[in-house]
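Structures are listed in the sections that come next.
Both of the next two complexes hold chain A, though its partner changes from chain B to chain C.
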Partner chain A sequence: MAQKNIVAKFKDEGKLLKALTRLKENKVNLIDVYGPFANHDILKLLTRESRLPYMSVIFGLAAIVLTFGFLYYTSVIDYPISYGGKPIFSFPPMVVVIFFICILVTTIMTVLTFHARAKIFPGKPSSPIDPSVTDDTFFLVLDQNYNPEEIKGWLQEDGADEVTEKEI
Partner chain B sequence: MIASSIRWPMVTGDKSSQDITNELLAPNETKPALWWYIGMTLGTIFLAYGAWAFYMSIAVGIGTWGLTNSVAWGWDIINFVWWIGIGHAGTAFTIFFLVFRQKWGASINRTAEAMTVFAVLCAALFPLLHMGRPWMAFFIMPYPNTRLLWVNFNSPLFWDVLAISTYLLMSITLWYFGMIPDLATMRDRAKNKVSRAVYGFFSMGWNGSMISFNRHETLTKILGGLAAPLVISVHTIVALDFAVSILPGWHATILPPYFFVGAIFSGFAMVLTIMILMRKAFKISDFITTQHLDSIAKVLKYGSMVIGLAYAIEIFIAWYSGVDYEIYTFFNARATGTFSTAFWIMVFCNAIAPQIFWFKKARRNIAILFAVSIIINIGMWFERYIIMISSLAQDFLPSSWTAYSPTLVDIGIYVGTFGIFICGMLLFIRYIPIIAINEIKAFRKDSN
Partner chain C sequence: MMETNYTPKKNMTLLFAVLVLIGIIAIIVGFMSDTQRTWANILLNNYYFITIAMGGLLFYSIQYITNSGWSALFQRVPQALGGFLPVGAVLMLLMYFGLPQVYEWAQPDITETDKLIAHKQPFLNVPFFMIRLVLYFALFLGVGYMLRKYALLQDQNNDIKYHEKSRYFAQVYIFIGAIFFSFASKDWIMTIDSHWYSTLFGFRNMIISMYYGSAAIILMILFLRSQGYFKQINDAHFHDLGRYLFRFSIVWGYLWFMQFLILWYANIPELTVYYEPRFLGEWQPVFYGELFINFVIPFIVMMSDEVGKKPKVLLTISSLLLVGLWLNIYLQIMPGAYGPMKFGFIEVGMWLGYAGLFLGVVFMALGKAALVPKNHPYLEESLHHHI
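Then we have the complex of A and B:
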C-alpha cells in the first residue's frame, strides 16, 4: 500500500513560512512545497543552492578549449589560407568565434542539464497536487513522521487552511 | 495599493494572486476583440505582399532588387540592421533588469522578449535572401564537406551568422523558460481538451514544486548572465560588418558602441509603442503603470543623448582626421548634399525629439509617449539608411557614384517582415500570457 503524506494547504504564504520555520526547528521530514510562484524565504528554508552554475562553468571551459582546438585544426593544419598576408595563426579573430560558441554550447548544455536534473521535459504528463497550485494556493507536503498528530496540530495552529493525508 | 517603501508602486489596485491570474489571463481566455481580427487581416495582407517579393527574389533572383554595382547593400541590409536593433530590447530588458535587480521589468519582459524573437526572425530573413540562393545557406556552416573547404573564420560576415543564430536561440530559450510556470497555470485553467493538451505539452509537467522553482530561477540567472555579453556583442558584430571595411563613413572605431546604443534605443522605443497599445487594448494599467512608461521614457532620453553625442563625435572625427573622403561624406553627402533630408530627419528624430522627455508631463502623457516612440523608430530607420546608402553611393571614385532607389520587391520584403511581426505578436498575445504572471505575484509579495 502506498504511503500517505501529510498535506497542508495555505492561502497565505506568511502563515506557510511560519509553519515551515517551526517544522524545520523540530527537524520534521519535509518533501516539498508546491505553489504558484517562487517565494525566496521558502526557497531558503526548503532548498539548498543549485549546483547548476558549476556545471555551466565546466561546459563553458570545455567549449572554449574544444573550439580553440577546432579553429586551430581548420585554420592552421587542415586548410591554411593567407588572407592579405595576415598570419595563418591569428588569435584575435578566433576570440570572437570562441566567445559565441562558448555561449551557444553553455546555453544548450545547461538547459539539457536542467531538464535532466529537474526531470521536466516537453510532453511530460502533468500531475499537479491541486489545480489551484498554479493560481493562488501553496501546499506543504510532509514525509511520514513519528508524530503525525502533533505535526497536524502545529500546522493548524500556524494557520493552515486545511490539513489532510494524501498519497503523493 | 501595494508599494515598496523605497520604490513607487509597481502593481496598483491591491490585488490578490487570484485577481492577478484572472486579469492577466483575460486576453487569452476571452474571445479576441474586433481590432485583433483587423490586425491579423492587415498582417496577412503584408505577408502576402512579402511572399510575392520573396518568390520574385528566389525565382527571378536578386536582380529584382534595386542594388547596383556600387550600392551592393541596400534596403535588405538597412532593414536587417533596423530589425536586429529592435530585437535587442527584449533580451536587454530581461538581463539588465536581472543583473541590476530592477523588478519593474517583470511587467514588460515577456512582451519585450516576444518582440525580440519576432524581430530577430525578421532580421535573419534579409541576409538569408541576400545570399541569392537561400537553399545553399548551410554552406556558411563549418562542417566537413566534399568541397574540402572551411569557412573564413576571420570574416565578420561569418561572425554575424554565429552571433545572430546564437542570439535567436538564446532569446527563444529565455522567453520559453520564463513562461513555463504561466503555461502550467493556463493548462490548469484550460476549458477544452486541445488547450489542456497543448499547454500541458509545453508546460513540461510543471507542478509548482519549490525545488523546481529553485532550479528554474538558477537557470534563468545563468541564461541572463550568458545573454548579457551576447546582447552587447551581437550588435557590435553587426557594426564590425561595416567598420572593418575602408569606406568613408564606415571605417570608424566608434561604430560598435554607437550601433549598440542605437539598438537598445530603437528596441526600447518599439517596446514603448507595443506596451502603450497593449495597455490600451487590455486595460492592464494596474500592471503597466504610467511610472513604467515614465521609466522607459527616461531610458530613451538618455539613449537619445548618447546617440546625439555619437553623431557629433563622428562628424568631429571626420573633420579631425583631415581625410578628404571622410570630410566629404559627413559634411557634403550627408549634412548638406544628396542625403541631407534623410540626415536631418535622422538627427531630429533620434537626437532632438526625445529631449521632450526632460519634462515629467511629457513622460506621463500617453499621446506624446506614443508619438515619440514612433518618431524614434522612423529616425533609427533613417540612421541605417544614411550609414548604408550615403557611404556606398558616393565613395572614393566619382565615376562609380550612383543613385539608389528600392524596387517594389525590396519594399515587399520589408512590408512582409512587418506581416511576420504583426501576425507573430498578435498570435502571442492571443495564446501566451502577455505578462509574467508568476513573477508579478512573487514581486508583488516582495514589494509588500
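Then we have the complex of A and C:
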C-alpha cells in the first residue's frame, strides 16, 4: 500500500525557505520541491545541486580529444596534402575546428543527458503536482516521517498556505 | 557603519615612497647604461598603468550603463584606479623626449631610406602624434572628471538627478573610452612596429584593459578587506567578480588567437614580420608563457563556480594576471622598440617605482571621498547582494 505524502503549498519562496531551514534543522526527510522557477537556496537546502556541469566538462574534453584525433588522422596520416607550404601537421587551423565541434558536442550531449536523467522526452505527457505550480506556487513534498502531526504544525507556523496529504 | 573613510596608513605611504625611490634609481641607472632600453621601459610602464586605470573607469561606466546594483558598494575602487589617468597623461607627455628612441618613424632622417614610412608620414609624424596624445587624454580626463564630480555631488545631496547625470556621462565615457583607447593603443604600441599593422589590435588592447582592470579591482578590494573595510562584501560579490575574470579570459584567448591565426594563415611577409621574433625567435618562452598565464591558467581555474569565488583563488589569479599583463606589454613593445630580450634591474626597478607611484595616487584618490558612496540608489541592493 502506497503511503501518502505530506504536501505543503507556498505562495512565497521566502516562507518556504524558512520552513525548509527549520525542517533541515530537525533532520526531516524531504522528497522534493516543485516550483515555477529555480532558486539556488532551495537547491542548496535540498542538497540537490546539479551535477550536469561535470558531465559537460567530460563531454567537452572527449570532444576535443576525438576531434583532434580525427583531424590528425585525416590530414597527417591518411591524406597528407601540403597547403601553401605549411607543415603537414599544423595545429593553429585545427584549433578553430576543435573549438566549434567541442561546443556543438557539449551542447547536444548535455541536453540529451539532462533528458535521459530526468526521464523526459518530446511528447511525454506532463503530470504536474498541481496546475498552479506552473504559475506562482511552490509545493514542498515530504514523506510521512515519524512525527507527521508535528511537521504539519511547523509548516503551518512558517506560513504554508495549505497543508494536505496526497499520494504521489 | 557606512561612514567609513579610507585613511592610508603612514608606513604604507613610506613604502610607496621607497618604491618610487627604487624606480628613480632604476631610471638613472638605465639612462647611464642603455638609453633606448630605458625609454622602452618608460613606455611599457606608462602603458601598463594607464591600461589598468582605463580598465577601472570602463568597469565603473559599465556598472552605470547596465544599471547594475551589485557593485554600488565598492564603486569608489574602480573610480580611484581611474585617478591615475592625470598622472599617466603627464608621464605620456614626457615620452616626447624619447620618441626617436622607441619609435622608428620618429627618427629624423628615416623617410629618406624607408619608402613605407615615407608613405605613412602624413599620419606618423611627431607633431600629429603629440596632438593625438593630448586629444585622447583631454577626452579621457574631461569625461572622467565629470564622472567623479557627479559621484561626489551625490554624496552630499540625496537627489536622483545626480545618479542620472552619472549614468549619462558613463554612457559617454564607455564610447570615448572604448573607441579612443583602441586608437591610443594603436598609436602608442602598434606604431612601434611601423611596417606592420593589425586591424584587431585596438579592440584587443581595449579588452585587455578591462580584463586587467577587473583583476586590479579585485586585488584592491581584497586588500581593503584585509584592512577591515568592506565588511559587507559577501560570497556573491566575489562570485560576480570571479565571473568577470573568467569571461574576460575567454575573450582574451579568443582575440589572441584571432590575431595570430589570421596572420599565420595568410603568411604575408609584411605581416608575419611581427610574429617572427615572437613565435619562432628568442621571445618564444615569453610568447607561450604569456598565453599560459593570461588564458590557460585563469580559464581552467575559474571554470568551477565553487573554486572561482574563493578569495584566496581570486587573489592568486589576479596577482598572476598582473604579471601576465606585464609580460603581454613587454612582448608587444620590446622586440620592436629594443630588440634583444633583456630582463634585469632596470625592468624590475622601474616597474616597482611606477607601482609605488600608482598605488600612492590611487590610495590618495580613495581617501579623498567616502569609501562607500552615500545616497547611491542601488546601495541597499548591493549590501544585500545574493545570487
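In this section, the second predicted complex is superposed on the first by the 167 of 168 C-alpha atoms of A that agree within 3 Å, B and C clash if a C-alpha of one lies under 4 Å from a C-alpha of the other, contacts with A are read in each partner's own complex, and residues count from 1 in each chain.
The rule is simple: a residue touches a chain if its C-beta (ideal position, glycine included) is under 8 Å from a C-beta of that chain, and two chains touch if they have at least 3 such contacts.
Just so it is clear, the model here is predicted, and its values are computed rather than measured.
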{"item": "First (chain B), second (chain C), both or neither touched by A:His40", "value": "both"}
{"item": "Contacts of A:Gly69 with chain B and chain C, given as first, second, both or neither", "value": "neither"}
{"item": "Touched chain A residues, chain B compared with chain C", "value": "B"}
{"item": "Touching partner for A:Gly153 - first (chain B), second (chain C), both, neither", "value": "neither"}
{"item": "Partner chain(s) touched by A:Ser50 [first = chain B, second = chain C, both, neither]", "value": "first"}
{"item": "Which superposed partner A:Phe114 touches (first chain B, second chain C, both, neither)", "value": "first"}
{"item": "First, second, both or neither for A:Val95, with chain B first and chain C second", "value": "second"}
{"item": "Touched partner set for A:Pro80, first chain B, second chain C, both or neither", "value": "neither"}
{"item": "Residues of chain A at both interfaces, chain B in one complex, chain C in the other", "value": "40, 86, 93, 96"}
{"item": "Touch list for chain B against partner chain A, complex", "value": "16-18, 21, 142, 148-150, 152-154, 158-159, 162-163, 165-166, 169-170, 173, 177, 180-181, 184-185, 187-189, 200-219, 221-223, 226-227, 229-230, 233, 237, 438-439, 441-442, 445-446"}
{"item": "Touching residues on chain C, where the partner in the complex is chain A", "value": "257, 260-261, 264-265, 267, 303, 387"}
{"item": "Complex contact set, residues of chain A against chain B", "value": "13, 32-40, 42-43, 46-47, 49-50, 52-53, 56, 70-71, 74-75, 78-79, 81, 83, 86, 90, 93-94, 96-97, 99-101, 103-104, 106-108, 110-111, 114, 117-118, 120-129, 131-136"}
{"item": "Residues of chain A defined as touching chain C within the complex", "value": "40, 57, 84-86, 92-93, 95-96"}
